[in-house]
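In what follows, chain A forms one complex with chain B and a second complex with chain C.
Then we have the complex of A and B:
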């Protein structure tokens, strides 16, 4: 006699999802025994547009529009790739300012993810609280770059705007407020009884599976896999500003949340070090020429490793722009985690991955 | 549980975190990115801004009668700007040889376009004059 299973879809439109992704769960009673996923609902042809519609100096603004949350990481990764092809160097000040925006991006992206995991665990008040406090970081970004979501802050050769002394003071003030809030969240995530019921021991990924399915970002670090591009790269001054890789062991939703909270605290520390020790100098260097050759650039986006492959042929139009986004690389690991879990936990597990579908489908 | 109760009780006496918009307007900052503004008298018609603009929101199509008697305007061109296409990145201002005189970025906000204004149709006609044919643009009838 064959096993009796029920197929339950989650998505493409679902109340717990912000973005269109479809998971088809094969369930035996309440238990998930099979997973099938589809991510291609919001394909916009960005890679094609980058090689046919826009010249290489405008592509940085195009790829920033792939994702609203990690706009800085996308434009930075492309810009560094273009600078590699042009053989250009940016000033120390520009590199520090780029790192500042990158880390602010990470703080607000992680806060968004934490608020959504709370919402999907049924804790609406915490969701409102974190989203309200996230405004403090958005405000700083708006003051630095002049825009709230699409920052357009990074250009080939440096950055577009400088920060003034008053702005530096404002950044430090807001970061102190955020740090206080994050300490409160940490207490809540560690000790709140209802959150623990939904998070502790649910959706666990073992270290072996993290290796096998090539998990990246907070998902891998929560399982104890030491992977962080910030630790390996040399073109941003992470060593000087006090980067520490945040690790957990258990690999469940709780561990992922703790990794994110620890990373927010580390990022706040790094931002503070940047504002206090910002080097003197120009923010932009004039760069001439056309991209020639090919290059690969990796960056740590809030969700994991982001990879850009750019190929130029000596003209204004690029030959190829290939973008590998963190969520796309993590899908095998996602599918593995769902197996053996209760169906009722699926939305909370999904939110804890922090999936970014507009990055993935681009 | 007990601490949560106390917290929720205290929250009743706190000020709301949201802003009572539109009764209280949002504070405006000088550093916000807004519309690109242009001064024809100072322009030297080098067309650097047109080349630098990522979405192509600045165009210099040829016109029969030049907009003023600026000597630099030898080819009888006219500055056209589409604020709804503009992404306010400021690349044009950085490319301009006379920034803050001929071209600068203000903190002003563009109003929402309505159907009666026919902004798309007008811009399509400008693009057609420039020789750019997009999918939606129609060639203007003689």
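Then we have the complex of A and C:
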């Protein structure tokens, strides 16, 4: 007897995710037995624009427009690549300030993902609670950089603004408030039925499959794969400010939530250490020349590994800018996770990936 | 980063011999349009838990050849293989057009776009 299946689409527009991605699930009764994905709805040709429309010193601001959430990680990866090609180094103070904004970005990005997870569990009150608390981080970002999102804070040679002692105090105050809130969330995610039992064992990725599909970011660490670019690079002072890789083992939605909660706590600790131990010195170094040669720079964005390949030819226009975003390389792993799951769980599983289609299609 | 040049005939075999999934992380496939009407295709890897260690296997090929697929060795390569097809218009074994562009699109946005 032939197998009877039906095809059910999820997206391109779906309430579980406000970004355009379409999964086509082949289902046998309620079980997903096949997955096809389409991620290319918002391709904008950023890579081409970076080599044909903009000079190398403007590209850092162009790539920041790839994503509203992790704009600063794109700025950083490109800028460090350009600095490598120019043979330049930034001051310790600039490296610390860059790291401060990067970790604040991780905190609010993870909070957004956790809030969507609550929304998918039907826990609307918790969704609104986390989104409201997230404003504490957005406020700090605005005070430091001048913008809530899309902050053009990082530039070739350093950063564009310093922080005052008064602002440092405000950052510490807000972080203390966020830390208290995160402890409350953790209690809910561990003990509330809607957020713990409902998600345990659902949407799991095994360690073996994490290796096989080159999983990255919280998806990999939740499955027990010890990988975090912050542990595999030397251009930011993560070893000095208390970075600790956060791990789980079960690889399910619950484990991904717990990794993100633990990472928020670690990021708060790192931000505090940066503000309290900020080195003296200039925030920007004047750099001359034009990029020559090729380089690869990786950074751990909130969703996982971001990679920039940049090739310069000694002129103001670059030969190639290749952007590998975290969600893009995770799509094969996402598809694997869906197999064997109940269709009813698909929106929650998708939200737990924290996908960014704006980054993916670039 | 360490660059290792290979050839169209040997690249698959060399990656299969090099790649150990517990030690090496596959980042992506990359294409770089060269000025002489050729494409440089790169397979980029980083080593787990090792700072700044990146290995790039690369070949230089004309646009009318077919690049061998490594998706049976590294399943996650499938999506970057499809991207290469879309962006450069080069054939990759088993990969179809249509990730970003329409399936019948004649465009190749990154082919020879150097200034």
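Here is the rule we go by: the second predicted complex is superposed on the first by the 361 of 362 C-alpha atoms of A that agree within 3 Å, B and C clash if a C-alpha of one lies under 4 Å from a C-alpha of the other, contacts with A are read in each partner's own complex, and residues count from 1 in each chain.
In this section, a contact is a pair of C-beta atoms (placed from the backbone, for glycine too) under 8 Å apart; a residue touches a chain by one contact, two chains touch by 3 or more.
Values in this document were obtained by computation on a predicted structure and should not be read as measured data.
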Q: Report clash or fit for the pair chain B and chain C bound to chain A in the combined superposed model.
A: fit
Q | Superposed model, chain A: greater residue contact from chain B or chain C | A | C
Q: Quick one: classify A:328 as touching chain B (first), chain C (second), both or neither.
A: second
**Q.** Which superposed partner A:52 touches (first chain B, second chain C, both, neither)
**A.** second
Q.
So in the superposed three-chain picture, is A:160 touching just chain B, just chain C, both, or none of them (first/second/both/neither)?
A. first
Q: Answer with first, second, both or neither: which of chain B and chain C does A:61 touch in the superposed model?
A: first
Q.
I'd like to know which partner A:176 touches here: chain B for first, chain C for second, both or neither.
A. neither
Q) Can A:226 be said to touch chain B (first), chain C (second), both, or neither? A) second
**Q.** Once both complexes are placed on the shared chain, angle at chain A toward chain B and chain C, C-alpha, multiple of 10 degrees
**A.** 100
Q.
Looking at A:143 after the superposition, I want to know if it touches chain B, chain C, both of them or none. Which is it: first, second, both, neither?
A. first
Q: Minimum C-alpha distance between chain B and chain C after superposition, to be given in whole Å.
A: 18
Q | chain A contact footprint on chain B (complex, rising order) | A | 1, 8, 17-18, 29, 31-33, 52, 54-55, 87-91, 94
Q.
Considering only the defined contacts, which chain C positions touch chain A in the complex?
A. 1, 21-22, 25-28, 30-33, 42, 44, 46-54, 56, 74-76, 78-80, 83, 87, 98-101, 109-110, 113-115
Q. Can you name the residues of chain A that touch chain B in the complex?
A. 54, 57-58, 61-62, 125, 132, 135, 142-143, 145-147, 150, 152, 155, 160-161, 167, 193, 284
**Q.** Contact set on chain A toward chain C in their complex
**A.** 39-40, 43, 45, 47-48, 51-52, 211-214, 216, 226-227, 231-234, 295-296, 298, 305, 307, 309, 311, 313, 315, 317, 319-320, 322, 324, 328-329, 331-333, 336, 361
